[in-house]
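In the two complexes below, subunit A is the common chain; its partner is subunit B in one and subunit C in the other.
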Partner chain A sequence: MQGFVATSLIGISLGAQYALLALGFTLIFGILGVVNFAHGGFYVLGGYLAYSAVTYLGMPYALAVLCAALGTTVLGFLFQRFMLDRVIDDHLATLMLTLGLYLMVSSGILVVFGPQSPAFSFPLTGVIHGHGFFVPIENLVVLGVCIIGILSMYGLIYYTDFGRALRALADDRAVATAQGLRPAILFPAAFALATGLAGLTGALVTPTLSLAPHIGDPVLATSFLIVILGGLGSIGGATVAAFIVGMAEAFSAVYLGGSKGALALFVLVLVMLVVKPSGLFGQRVRGA
Partner chain B sequence: MSTTRRDLLLSGIAVGAALASSNVSVMAAGQELTLGVVGVLSGPAAQWGLALRGAVELVAAEANRDGLIKVDGAPCKVNVVAIDSKYTAEGAAAAANTLAGQGVKFIIGPIGSPELTGVKPIAKRNSMLVMGNGYAKDALSPQLPLIFHMGPGPSGWAEPIIKIAKQKFGLKSVVLVAPNDQGGTDIASVDADAYKRTGITATEEYYQRGTTNFAPIVTRIMNAKPDAVDLASSPPGDAGIIVKQLRQAGFEGPIGRLGGPGYSEISRVAGGDEVLKDFYWYEPVLIDEKVQLIADEYKKLLGAERPENNLFFQWVSAARMVTKAIAKAGTISDTAKVAEALRSLPVEDPNIGPGHWIGQDFFGINQELSFPFGVGLVEKGKLQPTIRVEAAGGK
Partner chain C sequence: MTARSPSMRGDLAEAASVLAIAAAFIVPWLSQNPMIYSLANQMLIAITAAFSVYIMLRMNLMTFAVPTFMAIGGYTVAILGLRHGVTDVLLLGLASFVVPALFALPLGALVLRLTGVYFVLVTFVLTEITQLLLFETPGLTGGSNGLVGMPAVTLFGLELADNRAVLQVTIGLALAGAIVTAAVTRALRQHFAAIEENELLAQSLGLVVWHYKAFGFAIAAGVSGLAGFALVNMLLTAHPTSFSALSSVNYIAYAIIGGKSSMLGPVVGGALLIWAGDLFALRGEYSQFLFGFLIVVVVLVAREGIVGTIHRLGVRVFSPPSRSSTVASSPTVSVPNAMEPLQ
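And now, the complex of A and B:
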């Protein structure tokens, strides 16, 4: 029972982080029809922006996290507005552009900061120990912020005019545009929202693990896995899938070991996709 | 799409230019020796590759300064070409192929077992001499006489370090953690055998390379209740996170890393020496005043601080052996002759000291350089002076 509780806590913690990441990834696909290969890059960039703000500008960590989220939001907006928007209907071109941006971001970070992990720690270091389980306080803080982020995202998409406008554009761009909605502003805003979430997650999570130029690769892979499992473009599906993946990863690794656990996770996803190929909450995929 | 006369003309000019430039490089190669570097220059293990590249650049600069390499009595300039192997077999094979295509006959590197596995067939096919690393159980073999090892693997140094750790920390059981590829399993299994020979119960735990959050693995380790944890060849970035999460989980025992250097980055990622608490690791070279002169030399010749990772010093000694062998053989193309010269050279480095060729018992061929090495120690959160261990011999 103790092992079950400890493993569940790890799964929830992983799931919340994955959900925050995957929400941005699926939002971009759902609204813009773009598979954003630069998503991991914004995560890394968020980490390095927060690190720079703390280390070189002496900012308090909380403010640095906000600055990192803002920085990745602005970069995402500019990238979509001035580069991606020109080729938004060409899947191959958007793929190449986002992949190119990722390579530029990771290479740029490598040149500026070097390949080694810098010293970047979470300001709170305590650990709560219970019967057979432990929870680092930093994980609780990250979990809390992730939950707030996820709920805010839901509120924004489903209960605001902005969210309704985005969903209308995702449903039928031609009709929505004829109704007066402006994709030239709303698309970059949606992209910026997603990249801001990735940056926020990077700024929050990297000091609890480690920060290095390459860490966007597994982030992209995990986001992809979750979004496919949840159903491409489905915000609810991505959230549920993120927690399923987090739990599956935790339980399989604890009870089967690191190697068999990784295999079990992919087998689980494979079986679920065989049963329901469109993903858990699969819906009509936007035709761009 | 139709091909116009203009397109044909432009293509002709491009092909002509390419042929002309390749001809120029072939001519230049006649008077220059190019040392190829195949090493990981990106990703979590990049500091190992940067150490390798820096070392070879230094040795090339030394050779050029001293006019060490002569072909038919004429001085030969030494160049370095480094290619990122991405710490994968396919990346290293691609890098070796690229070097072979450029006519490079000498490779210093690669670093990890998967990379060496990728390089070996290319090197054999192109008669390239390789001074590599890689702690794989099949890193060397009598069938590949042009492959040399820059330093012993865990078969050479694990046991003496474990004896010191056992004496200091009184270990009875250990869990070894490493990535689940050849770069992890070949080292962790040899380390595990060495622990067992020393009377310590050892179990192995592997994780998928690319894992970023080790909390589930740490929970698994805690359930096993070992006296110590050994991170074997886990990359420094991964090792730092594992140490941090182990301490958060309440693990109080010593943590080792019998897989390679990287203490500084591990300490940085984990949160400092206080988090490391009791920590021991293999330090390829004991850095005393004499060895430190290599760093000074690097600054003088290359105008920068030496790469942080201490593998740098070991690569310097290995690359120096190769350039000495090339100088002795008097050829920059006949690698068999250079290999013969290398085997016959006394193993000695002006800064690191004397060593031996070893490897006969473990690999069946005596082509593994063995110099004195060190055991790094952090005790109760304080960094201790590195313990010197004489070069392993006879294995």
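And now, the complex of A and C:
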């Protein structure tokens, strides 16, 4: 029972991290129709930006996280505005472009920081003891920030003019543009929002897990899993699917061991793609 | 040069590709240098794997599943050699082609219903599953240890064990892959072009699209399997890391950077990028930066890749000065574009 509680907590905090990542991924697909292979790259970049800010500039960790999120936001904006936008209607071209960016980011980090994991640890340590189980404080802080991030995203998308504009563009770009919405600004802004979320997650999570140039690969794979499970482009679906994947990972790691859980999830996703590409909840999906 | 029809240009490119790979037989005859052998091995394996991407691109499908079928081909050979004592290179070569192709048929029935981004995603998921399966089935694949200590392959009882013989086997497999790719894309050029242009229209005009897609997918899988055999034969082990999900990115890069509209594209792309990677080779990972950069350049400014761009420049230089009016008056003589189907 105690093991069950502890595992559930791990699952929930993994789920929250995944949700923050997957929201950005699904947002980019839903609004721009782009499968962002560079998403894992922005996650890693966020981690390294925060690490550099703390280590070389002596910033406090919280400020470093903000800087990392800001840095990845700006980079995402520029990348969309000056590169991606030129081929935005060609799905395979956008995919190749983000793939190219990912290769450049991850190998660039390798060249600059070297292949070793840098020493980057969470500033708060300590453990809260519950009734027979314990939770590291860092996990709770990360969980809290992730939940705030997820809620702010929902607020932004569903309750602001900016969010309404984005949803209108996702719904029907031609009509939305004719109504006076400007994709030239809104598309890069949406992309920047998503990459900023990936950077934020990276800056938050890497000190509690690990930081190395190639940690973006599994992040990308997990983001794929979640957004396909939740239905590509669906925000609600991605959030729920993130918690499902987080829980499944935590429980299979504790009770099954090895990668059987991951294998089961991937097979589920394969079947899902083939049988029901609209995802678990069957929302309308953007055609591709 | 401008007067040639696209299909004739395709024939030329296919013949040139097959000849270029056949010409690689000179390398083991001329040189003893193990560095050159290693480079030639890597290039030919890269080119063979990129052919597989090229075949799928004929149908406007971008596949990440090349490592999956390479793994099936490679592990088939390793298991046959280690557990069943099969060492004949012709038998093994046949098996490394046929087994992945047979796997591809039921898989194709599932995944070929998807197009565009969804096909990309499903093939990416497939390679991730392959990785996990290789690790999770130690009884069959040796798990994380892989399969080591395969016996040397033989040709009519003759052992092909030294460096030169290994390279000759790789060249033979690449040549087989090139001939199959050329034969299939040549025979089905119009069918594939119709599918690439507009699948629904092709179907409504009476083309049984599903047959051709399944056939193309199986052939692409078989060609990947040949590359897997060559890789396993070169490394003397079959290990999951040889078939990682992200290695598929490299094979796509070879085909796209080389030029996806002609069979010479994968040949030029594979050879040049492996050579460039070797030139940069302080560490293998640095070449990834180069690949990434080149992909961005190709997508943004040179859609046709290296081969297509050279061809376009050649057309511009050698055509008469009134080129612009010629282009305007007859669309069939237009500058080749990577997005155009009939190449």
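Just so we're on the same page, the second predicted complex is superposed on the first by the 268 of 288 C-alpha atoms of A that agree within 3 Å, B and C clash if a C-alpha of one lies under 4 Å from a C-alpha of the other, contacts with A are read in each partner's own complex, and residues count from 1 in each chain.
In the analysis below, contacts are C-beta pairs under 8 Å (C-beta built on N, C-alpha and C of every residue); 3 or more make two chains touch, one makes a residue touch a chain.
In this text the structure is predicted, and so the values were computed from the model without any measurement.
J.: Report clash or fit for the pair subunit B and subunit C bound to subunit A in the combined superposed model.
T.: clash
J.: Which of the two partners, first being subunit B and second being subunit C, lies in contact with A:259: first, second, both, or neither?
T.: It touches subunit B and subunit C both.
J.: Should A:249 be classified as contacting the first partner (subunit B), the second (subunit C), both, or neither?
T.: In the superposed model, A:249 contacts subunit B only, not subunit C.
J.: Based on the superposed arrangement, let me know which partner A:224 touches: subunit B (first), subunit C (second), both, or neither?
T.: second
J.: In the overlaid three-chain picture, which partner chain does A:127 touch, first (subunit B) or second (subunit C), both, or neither?
T.: It touches subunit B, and subunit C stays clear.
J.: Thinking of the overlay built on chain A, is A:35 touched by subunit B (first), by subunit C (second), by both, or by neither?
T.: Only subunit C; A:35 stays clear of subunit B.
J.: Who does A:110 touch here: subunit B (first), subunit C (second), both, or neither?
T.: Touch partners of A:110: subunit B and subunit C.
J.: Please indicate which partner A:100 is in contact with in the superposed arrangement: first for subunit B, second for subunit C, both, or neither.
T.: So A:100 only meets subunit C here.
J.: Taking the superposition on A as described, I'd like to know which of subunit B and subunit C A:269 touches: first, second, both or neither.
T.: In the superposition, A:269 touches subunit C alone.
J.: Give the stretch of subunit B that clashes with subunit C in the superposition, choosing among 99-107, 189-197, 243-251 or 351-359.
T.: After superposing on chain A, the clashing stretch of subunit B is 99-107.
J.: Could you pull out which residues of subunit A sit against subunit B in one structure and against subunit C in the other?
T.: 110, 115, 213, 217, 221, 258-259, 262
J.: With touch defined as at the start, can you tell me which subunit B residues reach subunit A in the complex?
T.: 41-44, 46-47, 50, 180, 205-208, 210-213, 215-217, 219-220, 223, 236-237, 240-241, 248-250, 265, 268-269, 271, 308
J.: Give every residue of subunit A touching subunit C within the complex, in rising order.
T.: 33, 35, 83, 86-87, 90-93, 95-97, 99-108, 110-111, 115, 213, 217, 221, 224-225, 228, 232, 258-260, 262-263, 266-267, 269-270, 273-274, 277, 288
J.: Spell out the part of subunit A that touches subunit B in their complex, as residue ranges.
T.: Within the complex, subunit A contacts subunit B at residues 3, 6-7, 10, 13-14, 110, 115-119, 121, 125, 127, 129, 134, 136, 209-210, 212-215, 217-219, 221, 249-254, 257-259, 261-262.
J.: Under the touch definition given earlier, write down the residues of subunit C that touch subunit A in their complex.
T.: 62, 110-111, 113-118, 120-122, 124-126, 128-129, 132-133, 135-136, 245-246, 249, 252, 256, 283, 285-286, 288-289, 291-296, 298-300, 339
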